[in-house]
Structures are given as structure tokens and as C-alpha cells.
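For clarity, chains are labelled A, B, C, D and E in written order, and residue numbers in each chain start from 1.
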């Protein structure tokens, strides 16, 4: 308990960022290696924490507690459980890979490496903190801390419409999070004694009407982040314009913050309201799934297609959450992890292609399967994982989600399965347009994926395959916590 | 407390006055104005050293100088604000060229006036101190010679201010008539009786006009953008912080002591005004292209947020005002310091001067980004703590609509603050790399930056001291 | 009610009417010089009303102080408008109708409030008579602080005014 | 009291309103300054009237009024100084010709 | 010593071959094939003794927890019962033979190792499916088979048609798969288990104890599961992918699209037979779909000219037969036909492949007189065709007879008639193919045919042998052993053999063959004439009943345009709505370009239009005239005065 390992995980990137800041601007290789080393250390720390993590325990673990703003009873309270730990692990992993990806093929503008890696590491601190904070105030701080580096990372190193995308991302998320802040304050004042600590707040009953209102406030914050259907328009822009490693982080980690928020805060704090909002969430989830799928189908921009597929896949997470039963929750949490690995991989692959061809227009490609067999294989692998091929991780989570949602609503489940068909359609259509058919003579000069890129992708593939074959690897860590959450929600564990 | 007894608590103010007269005097004889400015800073430092926290509320000079913890906080506030402003003007070329000594002397008087406002406890002192403050402000705004804009700003400020003061005075006379006394507490007691309610509301409204003009509360904010644009930039920086803060101080005192008995209507009016202020400020700020004007609208919007704390009229509301003001003091002065630096280096007041700042002067740009983020209320910076407090105050008092409007406004605000961030970071550089910044501005920047960060990360240190 | 008080009463009403007429002249007359003269009339009428309220010192101060102030105003008015020349320049702007309408509402509302309010008129106050001596004592006693403050204000403002109005060196 | 308090209050109100009218409509800045004097004067009448009718200690109203007189004079002085300076650089004393700063 | 758990090795070995081939294929080169074949052969040698033990009446099963569903553990395991052992037996043998054949057929292909990797993966999945003991594992392997099918159809992906065919196959089957998925989810929610044995036990209990189960839910489940069959086994109306799938290499067509994968759909129904039996109202649907498919496919096959397409339609038709059989409660019949069909249809495809390999053309109109040049191929092809046409005593006769018997004995006379007609057409089109290909004169002189190497002909002969003998276990000579063996599984009605049915069957086949002989060997003009006379039917058949056109117009196009529409919706409306909450206020503004700039061009930055609009108004208030400001102050005062005094 006294090892402070979680604090180290949170603040190690910050130390790395400070180190980067102190390095001279011209020593770009120092800066790069420093950043890579930092992410590696964080990953190592996370693995170490994994060894200490007791998967069979339901409550919070490795708690660290210190008074921070005593006037407001704000604590520095971090801890982890079966919901947050997988996310922390995912963050460490994705950050490491994104950093590796940055080394290779980010178009770092002249002399701006220092800024890039500084912001990158700052971002990692924010993400880690978001997943580990158990004090609502602390959580909000970290949540916001994520926004700013992200704005710069998209805005400076992004594509042609980067400024628009960056500000759109920023404002959307800020709008949501401000409402969340109001919700947090409302919870604080409704609690007696006033506290932000999740550990104490969970135990307190809240008035039903109050729950509904505040749930809505939290919902706005989280829904925009996920993003849930009507709030999703920032996502394609941000994903498309962001540089590859940042897209990876965006898809791999940031989107999860929203659904994580539901599991960690909305549900335990407002169980009755959550049940009351269940149909609405379910409907939004299904709309997101189908809508995202259809729109992805119409894309000609590779990255945009992947971005919209995220909308669809995150819809499954939400569907699992809306199901509010054991299978739904497990599916949702697993889907969060899997979507991170799979879509992260897909974005990396888009980046690989873009670095070589400098275009992402799907109709412009064709026949790359023969020219770049290694790339073709890996792309096919990730696409298959994404469309939910059994044996790869995406299937298990979608299956569990659907199983859970089936217990809740047959119609929604049936509609959601349209999304599965659509996933197959847009992904295979993409493969067809990129890899299959006649080789466009324009691309005869393209080289196959190189080792560095393969090494970046390999860990993701390992996880996708391993979880696809034996999902209990990770589910074992989640189940006690999720069952505990269900007890709070009042639903019997079915 | 009689005059002689009072004097020992009055040392900082005496130092200020003596310093001011001394500065005016030696200005005649000394050619090197550095000495004068050094003397000014010395006076302020001495004064700061002698500021002591009173154990209980001290009714100095027959309670014409009411020194309590609240006033004490603003004593510090005023001295720091003036100190930083003077450091800023020290390297502001237009002022260096003319009547530098008088400028510093007037600022010492200004410090005194600010403290007077904070300690005023009856109608007479309120009127006198606010007028003192206003007169000095008019003069400082119009200080630059042969500056068409400065003169225009000064006359607009004067006309607007005088009318508002006259209206407030009329309200004061009515309040005096109803209660028969100039003491706020007596007035408050009188207004407790129902037949006086209409009159009390009228009087309160007139107070709101006279002081709302000081804090640039809509719809009495119209002077602010013009004056801010026209005034010398350090003066703009000062005006956007200190008179506004003291306006809030005295307005809070009046509301809490004089009109508390009115119950809900004052809160409602202030809520409406708060919403109006932040919305107008934010909406208008979006399209500004002049940096000073931009910051003027931003400061109007900020006033709207602070008004939230005033509107709830609770203990938490009071705390939120103090904290917000402190955060705002350092953040805004920091932002103005950068603005002055950029203006000095480029000779341009437009936002366009900021384009590509991150390449031309990375440190300055980073600092500006921090200040803007703080203004936008992004954690973990000082501005967030302030915003958090006002939101907390509003929610605690169940002013949900107000909080929601404020939240929406914050997003709009973030949009235009990020315009500058965008200019600095995402736009290619359009000029040469900056040479080293003047020392005084560097000092200000470092000081404000440290406070902005510290207040965001370790707010408890500040809260302890403010709220004790 | 005796005759004297009746006369005084009518005298006061008359003065008030005079003051109001003069005030209206102040804001409507095209010629600024005439306006200033009318202002003087208003001020003198006001001083008379002060006297009727036994505020002798104030009446005197009003006349003395304002004569100075208004004379300055008049001088400036003449100085500045002379060069601008003709009297045909419009002296009012376009918002006079709006202002008039607004003021009507304003007066009605405030008038109602004034009539509705039960002013706590006390016998003690009615009977009181403040002499100049008492005023002086008050200034040197409890009111010494504001007194000192106003002196500082005057000094500071005048210093500032000089700096502002001075021609560039 | 010789005449009802309300009458004198209405008188001062009208005076105040007149001043306000002048402030709102006079183009000449000096005219506005004159109108402001009217407004301050109206307030002073109130103060005096109240000091003679409702005041708890009779001298307060008068003292306040004296301070107001002083402030009014100062304002006039400062105002005229600024007008003079303005006239020097802009060659006008009309409000609607002073609008370099807007929007 | 054969222990049952060794059966796990059966799918595992091909999987290892797949992994090695995939990762090390670059270095293995042609040795890749040996690896796959070896894996498959060893699997075969492991599987057959176990199957044999099952044929003796043993029953093996084992399972382990894989996943927790709620509090219920989901166990994965294998089950060796008559059904799975039969399939396993068939798949291992046929699969191995086809892989041997492929060694020759694919020789020299640049992606040789990749091909065998895919095939091994397929084998692995198919074998897993055969022995899986629950729906989820079944579904997983089912999907992986779909993937292999996709990859192998699109194996020559440089050809656009191949790439498209793969896409089409995967998507079309996916539609059915999703139905299947929801189907077993429904089943799970109805009976709380996904395990076949447990389901069978439950159903048996329910059957004996009346109907305590949720009949409606179970019917739904059965229907949805049948959707999976429709997709995978290319039943009407999702059959369109199978003909296109012939773009793949011929061994693939033989293995996946004739013998094994497409049969998995039928196998699924057989697996769920206890479920279908307990909800009798679903069976007619199955029958109807099967019958329509059988007839329609045969009808289309009549006029096709591509050798593989004819076989593909034939496969569809025969799958229809099997489904019909199952629909008529003929579990034994259906399964039996599944097994026999696998042998002779695989043989047909391989022989056709051999022809293609030898001639490099696929259009039968360009062939002719190949018998002499390719005797082995031709002979085995004819044997297989005879089996397909149902000439006794070849295997096809026995199994087809069983199906006809089911239809006849269960009283569905119309079904019986249609099936009989289909049998006739089957014989006709098969022999049309034979006569055009192997007999007569060569019609295209550019074609220089040669016999295939031994590595290809040997498997042909092996399968030919199989096609002849595999029918005997179900024939009267062995007292219908197979049917009785199957009857252990689930209770279902049995029918007495009928000589009449046998006669009809033989007659239909003989008629068909004779007619084909007459027309295509002697009077080729008759064919022309018939086509002209019944031009509508001819065109209908030639154009595959216009299914592709129909789907393209009714499903694909609308889907695509819906996608595009929604995207447009996204870009304009949702964004626009979020950005510009104030549409209504904007109508008054005459500045159209302004709207365009801020809404349509997407230059709107967040609060966008409303904020900017208000901005343009509010900004105007700041006129620069101080008296305007004062007027505003004054108005403000008035407003608040009025408001306040109303409050009071």
C-alpha cells in the first residue's frame, strides 16, 4: 500500500516531460530517446503494478491518500480496481507504441520535437491520472489536463484542417466537461459531509430527482468524449487531422475516458438514475452503432473511415453499459480495451500507408496486396479483428455485449447487429480498395512495411490474438469489480 | 477609535502619502527618472512591509477607515497591483518619454485611493474614495501627450464615470434620507422594514450603477473597451484589475451590509446582470482584433463570473470573489505583461502581432499560453480555482441556471482565448526572433507565472491565507 | 400658520420653480454661455433653498465655490466655442426623444417611490439647527479623516489636471 | 418643516432628471459637464432636506453636501483639463465627433 | 492407445501448419504444401480411430471453462457423437485428398505457401466445428471458415472479379451469420445453455414432459439459427455468393465450396435438430427454402456454360436437397447426403480443375473431345456425375433416394415431385456438361489439353473410389446402418424403404442422361430451338433468375446511398444543428453569404452562428459615442426599475 506505485505511474511522464524541457532544442535524438525511455519506464511500472494487483478483489487497491485542498475536502486520492487497471495498462501500452510511432513517422516540423514530446508526456500524465483518480476533483483536473496537450498536438502537427479540428475537439470536450464540473459540484454539496472522495460518496444515498439531473450533467461530459451519437462530430475531424500517433492515442485511450467515466462515476453515484436512463442510452448506443457503420461505409478517406468505425464500435461499449448486467458490463469493458488495441493498430497502419503514399484516398489505391504483402497481412489482421472475427479479441467483447444487451432488449440487439454486418462491409470494402485488384501504377515505388513499424504493431497483435483466444486473461481482473458495481446498481448478477 | 490612536495602524498608508509627495517634489529636481521610479518602488515595498493583519476589525478614525480582514486583503491586493503595474510601466516607452515622475506619483496616490475604497464603511467614505479612484483613473488614462486615442478615452471615461457617480450619489442621498445615517449598518437595519423596500431597491440599483461602472458590469460596461484601448497599456492592465477588484470589494460590502435584508431580489438582479455581463463580454470578444480591446472584453466577461459570487451573497460567495480576484490579478497582469512586451517589440497592438510567437520567443509564448489557459479556467491553473469557486458558490446556493449559463460562456471564452493560442502556435512566424525582454517585465512575468501555477497546483496555501 | 411662514413657503415654491425653469434652460439653450449663466441661476436658487433649511454655511459655500467653478466653466465655454463659431451647430443629438420618454418613466417611477416611502421624519431633526461652529467642530473632530482625504484628493487631482492640461514640453 | 418633505424631494428629482436629460442629449462636452453639476446639485438638495428632517445627527447631511461640493468642483476641474487636452489634439468638443474608439 | 482427448490434436495440427506457413512461408517455399498435407494426414490418422470407436457406439466428450457468462461458466469442449464423427471422418479424408491434389494444381503459384496456410486454417476451423460441443465455439470456427473462404476466393486478388467475389461471399454469409448469432443468443436466453448435449437433454425432457419451454422464443431461435444455414449453405435467397466464389482456385472450390464449408450449414441444422424438432412450425420453412433452392439452382445450372459455375449451381441444388431432407425430419437422409455429396462433388470439382489445369479454359463451349486426352480425369468425372445423377449403386443414388423417400413418405407430394424434377434436371445438366466437355469434337483448336500429373489424378481416383462405396453404409445392403446410427442422436421419424421411389429416382436420372446425350451428341440444334421457344425461361435461367441485379438494385445501392446520405447528414445537419442553434434567427438576415461562410463551409467554430450573429449585433452597440453608452445605461436602469417594482 505504501509503495506509491500509482503516483509514480502518474507522474513519471511528467518528470520525463520536465527532462525534455530542460534539454537543448537542437539535440533532437536526446529528446526522442528520453521520451521513449519515459514511456518505457511507465510501461514497466505498470507491469510492476500488475504484479501487485489482486485480480480477485472487488474494491479499490493500492490506494494513496493525502489531503490536497483541505478547505474543500479535496484529496489526492488515487487507487485502482478492475475497471481502471485495464485502462491504465492500455494507456501505458498505447503511449509506448505511439511514442515509438512518433520516432518513426511523425512529420515533426523543424525544431519542434521538443514541444512535441513535452506535450506528449504531459498528455500521458493526464490520461493516467484520469484513470487512477478516485477523487472527483482530482479526476476533473486530470480530465482537463488531457485536453490542452491534445489541442496542441492536433493543432501543430496535424493535417491541413488541423486548426479547425483542434479547436473543435477542444471546445466540444470542454463544453461537456464544464457541465460535468457542475455535476461534480452538485454531488459535492449534496453529500454530507461534503466530500469528493468516491470511496465515501458511493456509500451515500441520493435523491432520485437529483440523481437524474446530475446524471445528465455527467452524461454530457462523458457522452461528448465517447462520443455518443449526436455529439460525435468532433471525432472524424480530430482523428483525420491528428498526426498518426496522436490518432492512435485519441482512439486508443481518450475515447475510453468517456465510457470509463460512466462505469466509474455515473453508475455508482446515480444507480437509480442510471436505470432510468437505461433505455435512452441503449437507443443512443444503437443509433451510434448503425449510424457510424453507415457513414463509415460512405467514406473515401481511409482515416475517416476508421474514425467513423470508432463511433460504431464505441456504440457497442455503450450498449454493453446500457444493458446493465454482468455480460454487458464485461463486454463493454473488454470492448474498451480491445477497441483501443485494434483501432490504435488501424490508425498506425493508416499512418504507415500515408507516410509512403501521402494520400489517404481509398479509391486511389488498389492492388497493394502484391506490392506490400507484409502490410497487407497486418492490415487484414487488424481489419478482421475490427469486424469481430472470432479468435480475435473484438469478437469476444462484441459477443458479450450483445449477450448482455439481449437480456435487456431484443430489438436493440437485433438492430445493433446491423452494425456487425456493416463493419464487415466497410472494412472489407476498404481492403478491397486498398489491397486487392490491379496495382495502380502510381504506387509501384512503395516499399513494404519496415521492421520498426512491425515492432510497433506486434504487441497489439499479440494482445488481440491472446485475448481473442483466451479472454479470461483480462476478464479475470475485471469480473469481481464489475459484479460489485452491479450490486450497487441493484441488479442481481445474472 | 480616535485619530491619534488610529495612526499606528495607518503607517503603510502614511508611507504611501509621504512617498507620493516626496516623489512629486524630487521629480522637479532630478533629471534621472530611474531614481524616481526606484523611489516609488521603495515606497511601495516599505508600505507592503508595514502592512499588518488586524486581529479584530479596527474602526480607525471614528470608523471612517474600517480596517478588517476583508479590507486587509485588499490592502495587499492594491499594493501588489500597483507594484506590478509600475514594473510594467517602467519599460513602456511612451510613458518613459514624458512626465514619468508624475505618473509614478499619481500611482502612489492611486494605491492610497484603492486602500480607501477597501476600508470605506459609510456613504461618505464610499463616495469620496470612489471619486478619488475615478479621478485618478481619468487622469492616468489621458496621461499620454498628443495621443488622440488616450484623450478620447479619458474624456469618455470621465463623462461616463461622472454621470454614474452622480446617479450613485442620488441613490446615496435617498438611502441617507430613509435611514437618517451614513452608516451602512444603520441603512441595512432600516431597509429591514417592509415599507422601505421599494426605496431600498431603487437605492441599490443606483449603487449598482455607480459601482457597476467600476467593475464594468453590463450594461454599465460600455466605456471599458474604448477606454482600455485608448489608455497606455500599463494603465489598461491596471484598470482591468485593481479598480475592478476594489469595486467588487465595496459592492460586496454594500450588498452584504446595506441590502442583505432585501432577501432575494438583489440576488436575482445580480444574477441577471452576471449572465448579461459574461455573455456580452464573451460574445463581443470573439471578433476583436486589437489586443487591448480583446482583453477588455475578456475582463468584462471575467467580471461576469465574479458577479456570480456576488449574486449568491453567501460566505462561499465572498470567498469565491476574493479567490477569483486574486487569481485574476496575477493572470491578467501576466497576460498584459506579455501584451506589453509584444507591443514593445513589434510596435503593434493588433492580435496579428502574436502570430508565430512560439517560434519568435518560445518562452513568452508559453507564458502567454499559460495565462490564457488560466483565464479560460483550465486546470491546474489559478483561473480554474477561481472559476471552480464561483461555480461552487452558485451551485451551493442552487443558482443552477446561472451556473449553466456560466459554463456555456466558459466554452465561448475558451474559443476566443484559443484564438491567440492558435496565432502563437499554429500560425507561421511573421517577424524576427525577439531580443531579450526588459528586466522589469521579466520579473513580472516570472512572478505572475509562478503564482498562477502555484495557485492552481497548491491552492490550499493561498486559501489558508485568504480565508483566515 | 402665520403670515411669515406663508410667505416663506411661497417663496420657497417660487424659488423651486425658478430653479427648475433655469435648469431646463441649462439643458435646452443652444448657447453654452447662456446655459452657464442659467446654471448659476439654478445654483443661487438652490443656495436660497439651503438657507431656508437653515444650512447657512452650505448656502454660502455653494455660492462661493460654485461661482468659481461656474466662472471657469463659462470662460472655457467661451474660449472653446468661440473658435468653433456659429450658433447654428446643433447642440443636441438624436436621442433626445428617447431620453425624454425614458425620463418621464423614470420620474413617474421614482416619484411614486418617493411618495410611498414613509420618511422617518423626527422632531429632533426638525428642531435641530446646525451652526457653523458645530460644523467646524465636526470637521476637526470625527470628520477629520474625510477632511484630510478630500484635501489629498484636491491636491492629487489638481496635480494631475495640470500635467494633463500642460502643453507638451 | 416649512413645506412637505415630498415636495422638495420631487423638486430635486425633477432637477436630477433635467440634468440627466442634458447629459443624454447635449452634444457639447462642456454642456454635459454643466448638466452633471445639475445632477450633483439635485443630490445635494436631497441631502440638505434629509439632514433637516430625518437625519439622526443633524450635521451629517450638511457635511456630506460640502464634500460633494468639493468633489464636484474637482471633477469640473479635471474634466476641463481633459477637455482642453482633447481640444488640443482633436479640435472638437462635440461627443459625436469623438469616436475613434469603437467596436 | 487412442484416448479421446487426442481429438484436440485434430484441429490443432492444421492450425500449427497454418501458423508456420504464414510466418515462415517465405522460407518454406514449396515445402509449405508438405507441411499442410502432413498435418492434415496425421490429423486424419488420429481422427479415424476415434471415429471408428464412435461408429462402434461409443461416445466421447470433454470440456473446460473458457469464459464466465454472468455466473454461468461457458465451457468449451469437444463432443464425439454420431453426427460429429461422421463429419469428422468425411472432412479429414476429403480434406487431405484435396490438399494432395492442390499440391499439383497450385504448383508454381507465387503465393504457394500462403495458399496452404489458408487451407490449413480452414481445415483447422472446419475440424473444430465438427467436434465442437457448443454454439459459441461452433460459431467461432464457422466465422473463421468464412474468413478462409473470403481469403481463398480472393486468392487471385489482382483480378477485380476475384476480389469482389470474396467480398460478396463474406458479406452475404455474414448476413446469415448475424442471424445465427442472435439465434443462439435467443436460445441462450431461453434455455440458459449453449451446449449441444445439454440442449438435447433439455429438449428430450421437454418432449417427454409436454412443452414447458418457451415455444415462441425457441421458434425464433430456430428460425434465426436457420438464417446461418441459409447464408453458409447458400440457400435461397442468399445463394448468390456461391457461384461467384468460383473465382477462387479450384481446390478451394472443391474443399470449401463443395465438400465441407457449405455443408456446415446443413450440419448446423442437424446439430440443432432437437431444437427444430421441438418447434415443428419451423420445419416447413426449412423444407420450402430447401426445395426452392434445389429446384432453382438446378434450373439455372441448365444453361450455364462455365464448368465451375455449373458445378456451383449443382452444389446449391444438392444443398437444397439436404436442407429439404432435414426439413422433412430426415436427419439421417440429410446427413447421409451430406457425406456422399462431399465425396462426389469434391471429385467433380477436382476433375473440373484438372480439366482447367490441362486446357486453361473454363467455358465448356470451347472444350470437347477431351476424353482421349485426359482419360483419368474424364473417367473419374463421369463416375462422380453418375453418382450425382443418382445411378445405382453409386453413393449418390442411396442418399438421394433417402431424401426422396422422406418427401414421399411424409406425404409432401409436391415436394416430392419437385425434387424428382430436380433430379431429372441434375442428370441432364451434368451430362450436358460431360458430353460437351469430353465427347464430340474439340471446338477450340487453340486449346492444347494434356492429362494432369499423378499427384492430381491419384486423389481423383481415391475420391472416385469413395464416391462409389461411401453410399453402402446407408444402403439396404447394410440395413440402413447409417440412418439407424444417426437415430441415436435425436428421436425422429423413420420411413420404410419404397421401391416406387427408387424406381422414380432411377427413371429421372436415366431420362435426364439420355436426353442430354441425344441433344448434345446428336441434335445440337434442338438446344437452340428450345431456347428460342422458351426464351423467357431460357433468359431467366441464363441470367441466374436476375438475383444479382435485384440485390444490386434493392440492397447494395440503397445501402451505399444511405451511407452517403448519412454522411452528408453528418456534415451538414448534425454539425450545423450543433453549431448553429439559431437557424430561426438567421432567416431575417439578408446576408446569405454569411450563413454559407459560417454553416455550410464548416468555418463555424463551435457556438458558431449564434455567437457570431449576436456578436455582430452586440458589437454594433459599441458605437464609440459616449452618450449612446449613457443612454444604454439609462435604459438599463429603467428596465431594472420596472422589473424590480413589479417584483415588489
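Observations
In this section, contacts are C-beta pairs under 8 Å (C-beta built on N, C-alpha and C of every residue); 3 or more make two chains touch, one makes a residue touch a chain.
Please read these numbers as outputs of a predicted model, since none were measured by experiment.
Chains that touch both chain A and chain D: B, E. The set of chains touching chain C and also touching chain D is given as B, E. Relative to the centroid of all protein Cα atoms, the closest per-chain Cα centroid is that of A. Farthest chain from chain D (centres taken as the mean of C-alpha atoms): E.
Comparing mean CA positions across the assembly, the chain most remote from chain C is E.
Here the two chains linked by the largest count of contacting C-beta pairs are C-D.
With each centre defined as the average position of its C-alpha atoms, the distance from chain D to chain E rounds to 94 Å. Centre-to-centre separation between chain B and chain D, using Cα means, comes to 26 Å. The distance from the centre of chain A to the centre of chain C, each centre being the mean of the chain's C-alpha atoms, comes to 71 Å. Once the centre of each chain is set as its mean CA position, chain A and chain B turn out to be 43 Å apart. Multi-chain contact residues of chain C, defined as those touching 2 or more other chains: 93, 95, 99, 106, 110, 113-114, 119-120, 122, 125, 143, 146, 150, 153, 157, 160-161, 164. Residue numbers of chain B whose C-beta contacts span two or more other chains: 124, 128, 131, 135, 139, 142, 146, 154-156, 159, 163, 167, 177-180, 198, 202, 225-226, 408, 411, 415.
Multi-chain contact residues of chain A (touching two or more other chains): 167, 171, 175. Applying the touch criterion to all chain pairs gives A-B, A-E, B-C, B-D, B-E, C-D, C-E, D-E. Chain B makes touch with chain E in their complex at residues 155-156, 159-160, 163-164, 167, 197-198, 201-202, 205-206, 208-209, 213, 218-220, 222-223, 225-226, 265, 268-269, 280, 283-284, 286-287, 408, 411-412, 415.
Residue ranges of chain A in contact with chain E, taken from their complex: 164, 167-168, 171-172, 175, 230-231, 233, 236, 291, 294-299, 325-327, 330, 367, 369-370, 377, 380, 384, 389-391, 395-396, 399-400, 402-403, 406-407, 410, 413-414, 417-418, 420-421, 424-425, 428-429, 432, 435-439, 470-472, 475, 479, 493-494. Of all the residues in chain E, the ones that touch chain C in their complex are 625, 627-628, 631, 634-635, 637-638, 641-642, 645.
Against chain D, in their complex, chain B makes its touches with residues 123-124, 127-128, 131, 135, 138-139, 142, 146-149, 151-156, 158-159, 162-163, 165-167, 169-170, 172-174, 176-182, 186, 225-227, 229-230. Chain contact summary for the complex, chain E toward chain A: residues 22, 66-71, 136, 139-144, 147, 150-151, 154, 157-160, 162-164, 166-167, 170-171, 174-175, 178, 181-182, 185-186, 188-189, 559-560, 562-564, 566-567, 570, 574-575, 578, 602-603, 605-606.
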